[in-house]
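Just below sit the structures, each encoded as C-alpha cells.
Heads up, the next two complexes both have chain A, just with different partners, chain B and then chain C.
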Partner chain A sequence: MSRIGVFTCHCGENIGATVDCAKVAEMCKHVPGVAHSVDYKYMCSDPGQRMMQEAIKEHNLDGVVVAACSPRMHEPTFRRAVSNAGVNPYMCEMANLREHCSWVHEKNDATTQKAADLIRVLVEKIKHNTPLYPIKVPVTKTAMVVGGGVAGIQVALDIANGGHKVILVEKSPSIGGHMSQLSETFPTLDCSQCILTPRMVEAAQHPNITLMTYSEVEKVDGFIGNFKVTVRKKARKLDEKLCTGCGLCIQKCPNKKISDEFNEGLGTRTAIYVPFPQAVPNRPVIDTLNCTFYKTGKCKVCEKVCPTNAIRFEQEDELVTIDIGAIVLATGFKLMKTEAFPEYGYGKHKDIIDGMQFERLASASGPTAGVMKRPSDGKEPETVVFIACSGSRDRSKGVPYCSKVCCMYTAKHAMLYKHKVHSGKAYVFYMDIRAAGKDYDEFVRRAIEEDDVKYIRGRVSKIYEEDGKLIVKGADTLMGGEPVEIKADMVVLATAVQSNDRSEELAQTLHVSYDTYGFFAEAHPKLRPVETNTGGIFLAGACQAPRDIPESVAQASAAASKVLGLFSQDQLTREPIVAVVNRQAGPTYSYCVGCFLCQTACPYQAIEQEQILARNGEVIKTIARINPGLCQGCGTCVATCRTKAIDLQGFSNEQLYAEIMTL
Partner chain B sequence: MEALKQKAKELLQKGDVKAVLGYAVGTGNVRRPHFARTPEQVDRLVLDEKCTQNLATYLTKHEVKHLGKVAVVALPATQRALLQLVAERQLRDDAICLLAMDGTEVKVLPSGAAVEQHLALKTDAMPTADKAMIEKLMAMTREQRWAYWQQELSRCVKCYACRNSCPMCYCEHCTMDCNRPQWVPVASHALGNLEYHMVRAMHLAGRCVECGECGRACPVGIPVHLLTFFAEESTAKQFGQRAGHSTKLDYALSTFKPDDKETFIR
Partner chain C sequence: MRIGYYPGCSLLGSSREFDESTRAVLTALGVELTEVSDWNCCGASSAHVLNHELSLALPARILALAEQAGITEILAPCAACSNRLLSAQQELAAHPEKIAEIEAAIGMPYKGTAKIVNILEVLGRLKDQIAAKTTKPFAKKVANYYGCLLVRPPRVVNFDRPEDPQSMDLMVKAVGATPVEWPFKTECCGAAFSVTRTDIVAKLSGKLVKDAVKRGADVIVVACPMCHSNLDLRRSEINEYLGEQHGIPAMFITQVIGLALGLDPVALGIQRHMVPVEFKETAAASAQ
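After this line comes the complex of A and B, so read on.
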C-alpha cells in the first residue's frame, strides 16, 4: 500500500480565495493510499518545505502530491525538497490548482471538488510511479562554429579564451564575412576592416582555434556533447603548407576578367585569387569554373611561377569527421539583389546598385579605391537617391519583415557620399526611420541636420533612364502625397536582408528548426534567444534574423557563454523523462517489431537500431532503441508505435490510464 | 498455368527457393494457400479468378521465415504488400522472389526494384463495388453514416479474423492484446467494437495495400475493408503517398513535408 502525502497550498489568495483548501486537505485524507494530508499558506516557502520534509519522515511517506501552482514554476523546488528528505524526486508530482482551477473558476463547491479531483488523479498516478535517476552523458569539449563572419569570429574567440578548442568553419576562402566588405560602420563611422582585421588575425593565431576555410558542413550525427560532424574541405588546388602567400601566381594569372564576388561584381579578379588583401588565411584558391587550365587543359602559369611548387591541380575535396561537443551557427545573411525589382528596372541599369555595392564603392579597398565613381561610366555622381525598405516590409513583392539595418546604413551611405562629394545632393526615400539603438537616432539626425541629406517620406514607384539620367518618380506623403521627381546619377537600393543561400538545407542537416524565410529559429524568442530546439546547437548573428554588428557580437558572446557553460561539466545530467523501448524475455524479446516508423516521426533523431543477438552472434531481432542523450521526451514515438512498445518514463501508458480512469 | 508450374519447379530444383507459396484447391472447391516444397507438390498449384487471398500475410510468420526463401505467386495486391513489408523492414529485399502473371506469361520478380517496376505498369483500381459503396457512404449525412456503422459493427464478434488475415498486421504483440493498461475493452460490445475498428483503420492509414482481405475474412460479412480503404485513400489524397509502391519508407503519418496540406484540420 502506498503512503502518499498530499500538501495543499493556498498560494496566498491565489488558490485560497476560490478553493476551500482546508476542505480539500480533509477530502484527500480519505483517498485510498493517502497517509497524510495538510494545507498551508505558502508550500514553497522555507517553513512550508520544512513541514513537508518533516512529514515525509514522520509518516514514512513514499510519494508526495503538492497541490499548488504550475509544475513549470515550482516542480524543481519541491522535487529537490523531497529528494533532500530521502525520497526519489520523481515520486513527487504537482497538481496545478492555481492555473487549472482557482484562477479559472468562481468560488463555489464545484471548484473545491475539482481541486480535490485534480489531486486524486495524481495520487493514482504516483501509485504507478517508479523512482527515476538522472541520465549522464559525456561531453566532448571541442566546439564548432559554422560561419566565419564577425559573429562566428567572436564566438570562436570567446570559447577559445575560455580554454576550449574551437573549429571555425567558413565556406569562402577567407574569414571576415560581410563585415570585411563594409567601408565604415554606423554610428561611429570607424573603418570596418580596421576594427575587424585584428580580430581575424587573433582568431587565426589563437592556439585554441583551428580555421577550416573553404569548407562546408556536410553531415551531422550524434547529440549534445557528442556530435560527429563531417566537414567537406573544398580543394583549394594548392598545398597550404607550402604556399607562402607571396601572390606571384595572382599577378601572373592571365585570366583577369572574372567578376569579383568580394567587390559585388563591381571589380574583377583573377582565376587564382585571394578574396581581399587582408584575407585570413592569406592563401589563394583556384576558381576551377573560370581557370583556363580547367577549361582548356592548357596554361598552368601559376604552377610555373610558384617559387615553392605549391600548386596542386589534381587536388580533390577532402571529407573530415570531427568529434564536437557543441555547435554554434553563425552563417549570416545575404542581400536581395537589384534584379528582384521590376519597377527599378530588374537590375539592368548599372547605376542602380544595392547597399553592399555602395559599401564597396565607398571603401578604400574597393574597386575605385574609395573615390565616388558611378559604375556605368566612372563619373562622379552629382545626385544620388537612396531608397530604404527595398523589398523589406513589402508583403506583396518582397518580405514582410523589417531588415533592421537599412535605416542606419542608408543614413551612413548618404553621409559617406556627402563627405566624399561635398557639392553632391543626397535624397533618401523612407517609410519610417527606425533608429532605435545607442547613438543611432543622433546619427540619423546628424545626416539630416549637419550633412544636409534630404529625407523624403514616401515610396518610389518607378525609375527609368532619360538622357543619361535616372528619373526617380515617387511621392512625398508628408506633403499630402505630392508627386516627386528626381533626376539622379545613381540610385542605391537598401535591399532586404534575407537568410543565406542553403540555410534551409543546413538547418535540415543539423535538425534545427527554421522560419518561413529560412532564418534559424531560437528555442524561445525571449528567454532562450541563442539556443535552438536541438540541444547543443546555438545561434549567433544574422542567421537568426536581420542583425547589426553590435547585436551580432553580443549574441555571439552569449552563445559562447552557453557553450562554455556546457563545457564546464565533464558529464551532462539530463532529466530521465525519456522514452524507452520495451524489453522482455524471449521469444518475444520486445513488443517492438522493428518497423521503424517511429524513426521518421522522431524530431530529435533519437531512435537507433538495436540488434538482439543470440549467444552465437546471430541476429534474432532488430528493434528500436532510444538514445537517452538525444531524447527530449516529447512522446511522438509513443503515439506512433502501434504495438505500444514505447513508453515515456514518468508519463507511461499505465500512469496516464490510471489518471484517466480515476475521474 | 503450366508455365507457372514450370517456373515453380525450376526454382525448387535449382534450389533458389525452399518453397513455393501459391494456391491449391481446398475443401468445398475453395482456394486455399499451398506451400509446395517439392516439385511434385507444385502440381497441386492452381491460379484462377477464385484465388484472391493475399499470400503476403504468411511471409512474416515465424514458421514461414524459418523455411528459408519462399517464392510467392503474387497478385497485384500481394506485390504491393511485399513492397510495403520491405519498406517497414519486415522482409529483406533479397528475400523477395515473386511469380507474377503478365497476361499469360510468368515473370519472376527477384527484388523490390523489379516489383516496383512491374507495378508501375499497372494502375490501381479499387473494385468498383467498393468504390461505389464508399461514395454512397460519403454521400450520407454524418448521422446516417454513424448509424450505418453502429449497425454493421454490432455484429462483430471480435474474432480478429480481419487482423490476422491482414498482411500489414504483422505485429507480434497487437495493441488489442495490451492489458497493462487495457486501453481497448476485450468484450465485443458496441464501444469495444467501435474502438477496435477505429484503431485498426488508423493503424492502416497510409499503410493499407487495399487487398480487401479483412473484408473477405470477416465471418459475419462486415465490410471492414471499407474503413481501411477510406483511410488509405484519404492519406493518398492529402499527402500524395500510397502504401506498397516503393521499398523506401515514406509514411505520411510520421513525416512532415513543408507542402503538406492542412485541409483536414477544421
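After this line comes the complex of A and C, so read on.
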C-alpha cells in the first residue's frame, strides 16, 4: 500500500483566492493511498519545503503530490526537496492547480472539486511510478562555432581562452562578417576594421582555435556533449599550405569585371580573389562560376604566375566529420534588397542604395576609397535622403518587426555624409526614433543638432527619377501631414534586417526551432536567451533577432560561458524521461516484433536495431533499442508502436491509464 | 465565354465610348455579355462616405440581381463600380450577420456568389487571342495610367501590384505598342473633384499629362471612366493651368485593342473624345 503525501499550495492569492485549499487538503486525506495531506501559503518557500521534508520522514512517505503551479516552474525545486528527504525524485509529481484551475475558473465549489480531482489523478499515477535514475553521458570538450562574424569570433575567443578547443566554421572565404564591411560604428564613430581586424588575427593565431573558412555545416548527428558534425570544406582550388598569400595571381587574373560581394556590387573583383585586403586567412579562392578556365577550359594564368605552384584546378570539396561537444550558431543576418521596393523603383535606380552599400561608399577600404561618390555617375551627391524603416515594421513587406539597428546607423550615415560633404544636405525620413542604448540617443541628437541633419517624421510614398534627380515624395506628419517633395541625388534605404539565406535549412539540420521569419528561437525569451530548445546548441548575434555589435558581442560571451559551463563537467546528467523497449524472459524476449515503424517515426534518429542472440551466437530475434543519449522523450514511438512494446519512462501507458481511469 | 455585364452610370453617360468599345472588342473576341437587368447605381463616390448601409445595399442589389439571372461572373468595366462591388461583397462575406438587414433593404435574397472581374482581368485571359487577331498593330509609345481604384486597396481588389502594376503594360505590348517607363501609373488624377474643384484636377492631372509627354508617350491609356474624363474632358483646364498646349490623346484600353483588331473607329467611339485621337507620324509608326 502506497504512503503518499499531498501538499496543497495557496501560491499566495494565485490559487488561494479561487480554490478552497484547506478543503482540498481535507478531501485528499480520504483518497486511498494518501497518508498525509496539508495546505500551506507558499509551498516553494524554504519553510514550505522543510515542512514537506519533515512530513516525509514523520509519515514515512514513499510518494509526493505537490498541488501548486506549473511543473515547468517548480518541478525541479520540489523534486530536489523530496530527493533530499530520501525519496526518489521521480516519485514526486505536480498537480498544476494554478494554470489549469485557479487562473482559468471562477471561485466556486466546482473549482475546488476540480482541484481535488487533479490531485487524485496524480495520486493514482504515483501508485504506478517507479524510481528513475538520471542518465550519465560523456562530454567531448571541443566546441564548434558556426559563423565567423563578430559574434562568432567573440564566442570562439572566449571558449578558447577558457582552455577548450574551438572549431570556427565560416561559409565565406574570410572571417569578419558584416562588421568588416562597415565604415564606422555607432555611437562612437570608431573605425570598424580597426577594432575588428585585431580580433580576426587573434582568432586565427589562437592555439585552441581551428579556422575552417569557405566551409559549411552539412550534417549534424548525436546529442549534447556528443555531436558528430560533418563539414563541407569547399574547394579553394589551391593548396593552402603552399600559398603564401602574395597576391600575384590576383594581379594577373584577366577576368576583372566580376561584381564584388564584399563591396555590395559597387566594385569589381577578379575570378581568383580574396574578399578584402585584410581577409583572414589571407588565401585566395577561385570563383569557379566566373573563372575563364572553368568556362572555356583555357587560361590558367594564375597557375603560371604562382611562385609556389599552389594552384590546384582539380581540387574537390572535402567532407570532414568532427566530434563536437557543443555548437554555437552565430550565422548572422542579411539585409532586404532594394529590389523589394516597387514604390522606390525596385532597384532600377543605381543611386537608390541600401545601408550596407552606403557603408562601402563611406569606407576608406571601399570602392571610392571613402570619397562620397554616387554609384551612377561618380558625382558627389549634394542632397541625400535616408529612409528609415524601409521594409521594417511593414506588414505588407512581411516584416512586422523592428530591425532595431536602423535608427542608429541611419543617424550615423547622415553624419558620415555631412562630415564628408560639408555643403551637402541630409534628410532622414523616420517613423519613430528608437535609440535606446548607452549613448545612443545623444548620438542621434548630435546628428540633428550639431551636424544639421534634417529629420522628417513621415513615410516616403514614392521615389522616381526626373531630369537626373530622384524625386522623393513623402509627408511630414508633424506638420499636419504636409506633402514633402525632395529632389535628391542619392537615396539610402535602411532596409529590413532579415534572417540569413538558408537559415531554416540549417535549423532543420540541427533540430533547432526557428520563428516565422527564420530567426533561430531561444529556449526562453527572458531567462534562457542564448540557449536553444536542443541541448548543447547555443545562439549568438543576429541569427536570433536583429542585433547591433555591442549586443552581439555580449550575447556571444554569454553563449561562450554556457559552453564553458557545459565543458566544466566530465559527464552530463540527463533526465531519465526516455522511451524504453519492453524486455522479458524467453521465449518472447520482447513484445517488439521488429517492424521498426518506430525507427521511421523517431525525429531524433534515436532508435537502433538490436539482435537477441542465443548462446551459440544464433540470432533469435531482432528488436528495437532506444539510445537513451539521443532520445528526447517525445513519445512519438510509443504512439506508433503496434504491439505496445515501447513505454516512456515516467509516462508509461500504465501510468496514464491509471490517471484516466480514476476520473 | 459568357459573362455578366454591369456597365454602371458612367458607361451610359460621359464614357459611352468605354461601353461601346468594351462591347465591340468582347463581341469580336467571341465573348457574350449578359447585362444585369434593372441594375442600379453602385453608390460611388458618395454612398460609402454618407451612409454605410446604403453603400452595402446598392452593390448588394446589383449582385443579387446577377445571381437571380444565374450569372456567376460579372464584368464591371468602371474601376469605381468594380471597387464598390468588391468592397460590399467582401464586407458581407466577413460579416454574414449583416446580410439579413441588407436583404430586407433590397427586398431580395443575397448570396454573394458572383465573381467580380475588371476589364483588364477579362482581356488578360484573352491576350493570346488578341495578339493573334491583331491586324493593325498599335505601334505607339504608351503611358499606361491605372489610377487608384483598379489596384487599390490591395486587400480589396487583390489585383496586380499596387505600387507598379503591369497588366495594362503587358496588354498593350500584345497589340504592338511600347509602354514607356512611367512613375505616375497610380498617381491621383483628381478623381471626383472633376465636378467640384476643377482647379485641383487641372493641377494633379496636369502633372500626369506633362510627364507623359516628357517621357515620350504618344497616348495615355486608361481603364477607368473617371481617369478618362479628367485627362480628356478637363484638358482645356489642364492646358490653361500648365500654360502649355498638350494634344496627347487619352484612350480606353478597349479602344486601343479595338483599333489593333481592325474594328471600325466609330464603333469604338473614338470620335467622342474631347482631345481628338490623332497621332503625329512617329518614327516607330513609319517604320512599320
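Quick note on the criterion: the second predicted complex is superposed on the first by the 494 of 663 C-alpha atoms of A that agree within 3 Å, B and C clash if a C-alpha of one lies under 4 Å from a C-alpha of the other, contacts with A are read in each partner's own complex, and residues count from 1 in each chain.
One rule holds in what follows: a residue touches a chain if its C-beta (ideal position, glycine included) is under 8 Å from a C-beta of that chain, and two chains touch if they have at least 3 such contacts.
Remember, predicted model here, so these are calculated numbers, not experimental data.
When the two complexes are overlaid on their common chain A, residue A:Glu654 makes contact with chain B while staying clear of chain C. Looking at the superposed arrangement, the partner reaching more residues of chain A, out of chain B and chain C, is B.
When the two complexes are overlaid on their common chain A, residue A:Cys194 makes contact with neither chain B nor chain C. In the superposed model, A:Tyr464 lies in contact with chain C only, and not with chain B. Applying the stated touch rule to the two superposed structures, the chain B and chain C interfaces on chain A have no residue in common. Across the complex, chain C is touched by residues 342-343, 345-346, 396, 462, 464-466, 471 of chain A. The touching residues of chain A, counted against chain B in their complex, run 588, 591, 593-598, 600-601, 622, 640, 642-645, 653-654, 657-658, 661.
Residue ranges on chain C touching chain A, taken from their complex, read 154, 161, 163-164, 183-184, 211. Those residues of chain B that touch chain A in the complex are listed here as 88-90, 170-175, 178, 180-181, 183, 203, 249, 251, 253-255.
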